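Okay, so chain A shows up in both of these, paired with chain B first and chain C after.
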Partner chain A sequence: MTDGLRYYVYGVATAPAGAVAPPLGWVERPPLAVLCCPWQGPDPVVTRQLALAHARVVAAAAVRFPFVPCAAGNVVTGAELSDWLDGRRTPLCGALERLGGRVEFALKLWRRAPAAAPPAGGRAYLAQLRAESRLRAEARALVERLPAGLVTEVHYTEPPGLLLQAELLVAWSDAERLRAAWAEIAAGLPADRGARLSGPWPPYYFAGVILNGEAGVGRQSGRCGAGAGEAGIGAGGAAPAVAGTGGGAAG
Partner chain B sequence: MGLVELLRQLLEREAVRQAEASLLTPEQEAALGTALYRLAQKMAELKAGFGLEGDDLNLDLGPLGRLY
Partner chain C sequence: MAVSELLPDEEVTLLELLDRVVDKGVYIRGDLTISVADVDLIYVGLQAVVTSMARIKGGPHP
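So, the complex of A and B:
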């Protein structure tokens, strides 16, 4: 991998990995293998088209085998790839173990309310903060009503404008069950609350959490299963749709 | 500014915690609430002044995760 070539990187699997259609290929550094394709030309600009093409390849990979997705737009040299794999071998193997056969959902909860009037004094502002805190706790309690064992890991954040955002990691085979369980809970939401569940996505968020060693992941299950599904990778031209990648097509 | 925003949020959470636990007198609640409100207003002014919004002040706190 010190061949001077540059690679567009999709993600990491366990070596030896399954067959993929050219220009996709594997750069193997056992026990890991990186799904990538040769890249020529300047670094890519992450356009919507490139992001979608990247997502298609990652989604196809994630249903075939345990796969840790990388963000769109990463181009590295073979030497950089080797260094990265050597330096992150343990967390990458851990991520493959935890993310294999799993997908993630993002759940956003917010309050539909007119902008709060300026508080009439310090105590009023503190009361406003306490009310918001209670609403966040209620939102979290709603997420925790999801059936035990359905969500294997959950990570909460409180972005501006939202009561709560929950990232949920579930087994691929439980994706529809999660949708149904949340629909049942959401049906009982007060009229002034809004919620949106999006997914299933390849576990980009949790890959970042694991590889960056972040804390704050709530529930955690035991071992991950292997990926399931029959979808192929590369068939249908997913990789060539990545603008300028592979086969000498780069600009 | 990200660091100030982190401290502001921590102060607000601690104030809420103390108020919920009835650890503050009405006078202390008024003083603390006023100070926190002014700080929130000032941060909003600064963000607007620098054209910052949404995720711009988010911080990666390493092992603690992200600020939001």
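So, the complex of A and C:
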């Protein structure tokens, strides 16, 4: 892997891995194998097409073998890939064991009514903080009503605009059970609360936590304007030709 | 579980997909800066995504 080639990386499995067709291939460094394809040209711009193509390849891999998904857009040299594999062998093997046979869901909870403008007075401001804290605690209590043992791991974050986001790791044999259990809970949500359960996804979030660290989840991205480069995925024909627009809205 | 089940069977926004596959996941180079284009094309019907994955062969996950 010191041949000077660059690779677009989809993720990591255990060597020896399943057969893939070119241009996809494995870079093996036992006990690990990296699913990738050769990449030429400048660093990729992540377009809708590239993100979808990446998601499709990762999904196809993740249903067939334990797979640690990389984020879209990783292009590295062979030397960089070797160094990374050597330096992360233990956490990668641990991630394959911890995430194999599991999928993740993202559960977002928000308040439909916009939060009131921050009060000017100190006492009123503190009261508002307490009210928001209570709403977040209520949101968390809803998540905790999911049946015991159904969720393998849960991580909570508080992204801007949301009361709470819960990342849920579950055995994929339990994916439908999770949906049903949440639907039952969500049916009792107050009218002024919104919730959306998204998934199942390959375990992108939890892989990031394990390999990047907590601080590494949610990387910085620069955004180009619309049409600023439609970089094709290196996997050539793996890039989807889908350009349809649906009307699905979150909520 | 089929591939189509890991590409959600409901319509999701492009931003939701980007949040998962761009903002999450493992990145190899810490200094990698990702450029994201065409985010104005908000809605993507994942039901429309052809999920045939002939490029990856092999048996199902145990």
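Heads up, the rule we're going with is that the second predicted complex is superposed on the first by the 208 of 251 C-alpha atoms of A that agree within 3 Å, B and C clash if a C-alpha of one lies under 4 Å from a C-alpha of the other, contacts with A are read in each partner's own complex, and residues count from 1 in each chain.
Note that a residue touches a chain if its C-beta (ideal position, glycine included) is under 8 Å from a C-beta of that chain, and two chains touch if they have at least 3 such contacts.
Everything numeric in this text was worked out from a predicted model, so none of it was measured.
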First (chain B), second (chain C), both or neither touched by A:Pro38: neither
Which superposed partner A:Ala59 touches (first chain B, second chain C, both, neither): second
Partner chain(s) touched by A:Gly121 [first = chain B, second = chain C, both, neither]: first
Of chain B and chain C, the chain that contacts the larger number of chain A residues: C
Which superposed partner A:His155 touches (first chain B, second chain C, both, neither): first
Touching partner for A:Ala207 - first (chain B), second (chain C), both, neither: second
Partner chain(s) touched by A:Arg130 [first = chain B, second = chain C, both, neither]: first
Touching partner for A:Trp84 - first (chain B), second (chain C), both, neither: second
Partner chain in contact with A:Ala19 - chain B first, chain C second, else both or neither: second
Overlap of chain C and chain B interfaces on chain A (superposed complexes): 212, 216
Complex interface listing, chain B residues touching chain A: 12-13, 15-16, 19-20, 26, 29-37, 54-55, 60, 62-66, 68
Contact footprint of chain B on chain A as seen in their complex: 119, 121-127, 129-130, 133, 155, 157-161, 209, 212-216
In the complex with chain A, residue positions of chain C that touch it: 1-3, 5-8, 10-14, 16-30, 32-41, 43-51, 53-62
Chain A to chain C touching residues, read off their complex: 9, 11-12, 18-21, 24, 43-48, 51-52, 54-66, 68-76, 80-81, 84, 100-101, 103, 106, 172, 175, 198-202, 204-205, 207-208, 211-212, 216-230, 235, 237-238, 240-242, 244-250
